[in-house]
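First, the structure itself, so that you have it in front of you.
For reference, chains read A, B, C and D in written order, and residue numbers begin at 1 within each chain.
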Amino acid sequence: MRFFSDNAARVHPSVFAAMAAADSLDTAYDGDRWSRSLDARLGELFEREVRVLWVPTGTAANCLALAALCPPYGGVICHRDAHIQNDEGGAPEFYTHGAKLMLADGPGAKLDPAGVAKVADAIADDVHRVQPHAVSITNATEYGRVYTPAEVAAIGELCRARGWRFHMDGARFANAMATTGAAPAEMTWRAGVDALSFGFVKNGGMSAEALVFFDPDLAAATLRRRKRAGLLLSKGRYLAAQILAMLEDDLWLANGRAANAAATTLAEAAGDRLIHPVEANELFLRATPDEAARLRAQGFDFYDWATGEVRFVTAWDSASEDIDRFAAAIRQL
Amino acid sequence: MRFFSDNAARVHPSVFAAMAAADSLDTAYDGDRWSRSLDARLGELFEREVRVLWVPTGTAANCLALAALCPPYGGVICHRDAHIQNDEGGAPEFYTHGAKLMLADGPGAKLDPAGVAKVADAIADDVHRVQPHAVSITNATEYGRVYTPAEVAAIGELCRARGWRFHMDGARFANAMATTGAAPAEMTWRAGVDALSFGFVKNGGMSAEALVFFDPDLAAATLRRRKRAGLLLSKGRYLAAQILAMLEDDLWLANGRAANAAATTLAEAAGDRLIHPVEANELFLRATPDEAARLRAQGFDFYDWATGEVRFVTAWDSASEDIDRFAAAIRQL
Amino acid sequence: MRFFSDNAARVHPSVFAAMAAADSLDTAYDGDRWSRSLDARLGELFEREVRVLWVPTGTAANCLALAALCPPYGGVICHRDAHIQNDEGGAPEFYTHGAKLMLADGPGAKLDPAGVAKVADAIADDVHRVQPHAVSITNATEYGRVYTPAEVAAIGELCRARGWRFHMDGARFANAMATTGAAPAEMTWRAGVDALSFGFVKNGGMSAEALVFFDPDLAAATLRRRKRAGLLLSKGRYLAAQILAMLEDDLWLANGRAANAAATTLAEAAGDRLIHPVEANELFLRATPDEAARLRAQGFDFYDWATGEVRFVTAWDSASEDIDRFAAAIRQL
Amino acid sequence: MRFFSDNAARVHPSVFAAMAAADSLDTAYDGDRWSRSLDARLGELFEREVRVLWVPTGTAANCLALAALCPPYGGVICHRDAHIQNDEGGAPEFYTHGAKLMLADGPGAKLDPAGVAKVADAIADDVHRVQPHAVSITNATEYGRVYTPAEVAAIGELCRARGWRFHMDGARFANAMATTGAAPAEMTWRAGVDALSFGFVKNGGMSAEALVFFDPDLAAATLRRRKRAGLLLSKGRYLAAQILAMLEDDLWLANGRAANAAATTLAEAAGDRLIHPVEANELFLRATPDEAARLRAQGFDFYDWATGEVRFVTAWDSASEDIDRFAAAIRQL
């Protein structure tokens, strides 16, 4: 019973079916009819004109976005615990040609305008200091916290006031949306977001994430950067088909809800062991090495996060009987 | 009836089946059992220890290889018509952090030691000139020509003599191998090749190419570069499974043979219209715009290569009745 | 008697004197009164608002300009024999983060609109091909040829029509201006040039070149790139003072004239040995190894350019008696 | 009376004289006799074989060193207040092609092995995390603290144990050496330092710093990187001459002593206003805005460091009467 990452979840049957259905002759790269329909399809979802690029990983989506939003000699303010800072092997620096990540603080890997401003205000505006050009937040965060549209908008306002761009890493966007029940537009461009990494792989997809630009002008150079990064798969239709399948009948949202519900069940079992409020599909718990060992002995697989801390991640395909057994095991600790 | 690129071919049923079979729980990234078996599986094929990384595109494979073989301040000698020079959107420069491609000449996009040496010998060995550090060849070439193992070895010998590294872009390696009947080892490391981009996507795969290092030491940094480029898919098992399926019972070779056979049939029909000998699965023909239009009117789809020149590409899935009809249509021009 | 390069010439006494005069207390970097006066001083010379950055080398000036004019995923069309292509150790690729130099042909390292267009027109406008974003020419050229303002303007017009930027490498701008007698404005921004590397080091300076932007908006990011490249000397006043001294009473032009006059004298002696017309301060001659040896035996120092070809370069400080002796020696070959 | 930075100090007369003496004909770049003598001259000082490159700025020296010691996908551990992190406009990221600075803590911008290890030990050794490859310290530090040879050696030992390289930013190396009285060898390579940025510009030079490699193998690629960064001045002899003049009769050390002595005088006057011990030529004091204004009204020029904090920097040319007047003024606050 696997709770170590939604990254390792299975592929949803609808996604597989859509890939099989795309197995016909069409143009290569992103000229096929599946790929060409993405702008319109996501435009509906977001209630405005958008430009959408499929890419095979969330790291690629994030870092193409950062390269579009920040020049090589600039900086991106993000949380100290952000995925782009800690888990992408230096990809932000590679894609931006050396821009600097500027680390802000906040509980549960969440930023707020004050925390962002504090980082920026400490930087003298001269040529010796790298200047911030963008902010990047993760929703849901690396600790399973969720920004509301209002919280996003507050940061978006700061960005506008300072002339910065604004990126949202939505590797778990579905989980955040399931929690808030917000309209996609409210959570993104109406809150000032310029680019969204809209994740599907953790949520039932196989190998396709959508990089969504709310400012179409930002997309043109990114089409070239995507090719230049070796990310333009020749059989792109199989990626576009995955995204379309995830959007069909809001499968993405249903999957997000399922993962969140599983997490809620476990959270109730965990009680005051919880280190962060559980708002999406990740749980961080206090557990002694001995307690962790006992859970593992019962067949539950998860990460040790730090000394005395463990992380559980649920996914769209977490079986309800596994969840129940796991909840029971947690209660018995 | 599509002859514009093998890039747009379908996915082989065995590849699809292997992906479905991989749809179970396992570790993320490249820690799963499919990914972990690649070194051994390709080691058998190449009759030596190798290190293998799956990547989603040939551009990624080529450019990760170049980054491993050439420093940012160095150069890579390749043919003027090489894919890395003309069709990768500047990816070699991105991955190598600005290394220079140094363009050599030769018929049919083939290099030979004299052509390579001519480029190198014109470069004074001082700090003002970028120095060559590697050679990259494409087999089969961009014009459908094939290097024999002896021809590769002649270039490999030059590389060794000059202290350069040697890369082979094998986007159509299967086609070259089908033509020559050589052992994989003879065509690669025994001929001095340090790294091979072993292509599957044009040949029945969906989204997985293998980057094969014959010098294991070269692979360690490349594991980091792959992650840093956003190429480390979290559900890597679906890529590894594709490669394993293509290797099973030498499917890759059978598919290469099928595409080559189709090309041979068309070549016989084309006769003295051919601009290059047809040794793999690409044909370049002289055809007036009017002739091209007549073929298109009959439902044949292909590229105009240059004024008065067209390109046809066959694939593993070229239907024999299509080939026959196409051959007949070409004859009737 | 040194004719191998104007690079190795001495520093003009006025330049030394200006550096000594700058040896007082003032602000660091480029905040001092000498540095702050450059925009106005060069604005007068060019008859318009300009932004000027001192830098210590011509390579730095050229490559900062290219980085301002071309994105990492773009290309710069230049002559196959351009300094940026052959003599800057890959600096253009470093500063632009991997932009591609696209090589055009033309006699004497001179480009014309047809030669430039030929390169560009061969590049399909798709995402697989790097697209040209700028043109760079060298005036005087690497073979001592000079563009007239009309010739520059013809290329400038092509740039405007295609939406490209336009750079002039003026390492020997003084020599070109001395030859043509043109107004600086005519040779540059009125002819469509966006950025000029205005060289002083070969012409009496020690360690200061001026990068001149005719579009002030281009300068802002370059101020940051200059710092980021480690080129912002803390005692910048000594560089600014050099440039101001070179501009005083048009010393730069007088020095250019002196070097050109010396070259003309040698050119008359060389007669039909000349490979290129002598329009600035460089001469390329046919000379057998034996003839070259005979000149060297008389104390004349110069480069062997190619088999049977030698290069002589005069400078602002070429002594007239040396020139006369060298002319005589050439005649006696 | 200027105390805002040693960066703005004058050029020592001996340095000027040496530049004038170098104003004769010689080879360009670094082929002249002054440049060619640097390895031997600094080899004597450091009592071992070294490779030395002149560069025009400390930023260039630091960042060429980092590029030699750390791959693009790696990280460099440095202090949170290090010059490379805060005052080089992103140059480390530019030169290293995007390596990450990893920020450690310690009083007075000094690192110790425990602080360095703490940063490193928090980084899991997997492909998702950038791994440390080098440590960089500044001696004297950005807060005017000095490392003893033993303190350097302790960090050097950690580096060796972990397989990391070790860089010392010696922009104020002379001040540190004047304080400790250590042998240059003890402070550097015997303590495990691989590369030293040996600063002269703050200490009487004009535009030349020495990048010293104690491992000669590291220098070869750096010669190419220096050119590639536009840092290879064609009239390099004027830079080499500056360095040779500073080394003559240990002028560098005498100048360092003079600046330190001036700082000591001021420190005695400052008493318990001092925020950091004064060990070199920088003082950080508590002073209210009103107090700062009163000092400025008397003609003393300095930086406001933070609210209620000011910084004074002495230099080799701080006039003793200025120092006495300044000390008196500080006492009278």
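Here is the rule we go by: contacts are C-beta pairs under 8 Å (C-beta built on N, C-alpha and C of every residue); 3 or more make two chains touch, one makes a residue touch a chain.
Treat the numbers as computed from the prediction; the structure is a model and nothing was measured.
Asks: If you take the mean of the Cα atoms for each chain, which one ends up farthest from chain B?
Replies: D
Asks: Out of B-D, C-D or A-B, which pair touches the same way A-C does, with over half the contact pairs the same?
Replies: Most of the contact pairs in A-C are shared with B-D.
Asks: If you average the CA atoms of chain C and of chain D, how many Å lie between those two points?
Replies: Inter-chain centre distance comes to 34 Å.
Asks: Distance from the CA centroid of chain B to that of chain C, rounded to the nearest Å?
Replies: Chain centroid spacing, chain B to chain C, equals 42 Å.
Asks: Nearest whole angstrom, what separates the Cα centre of chain B from the Cα centre of chain D?
Replies: One centre to the other, that is 49 Å.
Asks: By the touch rule stated above, which residues of chain D touch at least two different other chains?
Replies: 29, 72-73, 88-90, 94, 97, 127-128, 224, 227-228, 232
Asks: Write out the stretch or stretches of chain D touching chain A in their complex.
Replies: These residues of chain D touch chain A: 72-73, 75, 86-90, 93-94, 96-100, 127-130.
Asks: What part of chain D is in contact with chain C in the complex they form?
Replies: 2, 5, 7-11, 16, 19-20, 23-29, 55-64, 88-91, 94-95, 201-202, 206-207, 224, 227-235, 238-239
Asks: Write out the stretch or stretches of chain B touching chain D in their complex.
Replies: The touching residues are 29, 71-73, 97, 127-128, 131, 221, 223-228, 232.
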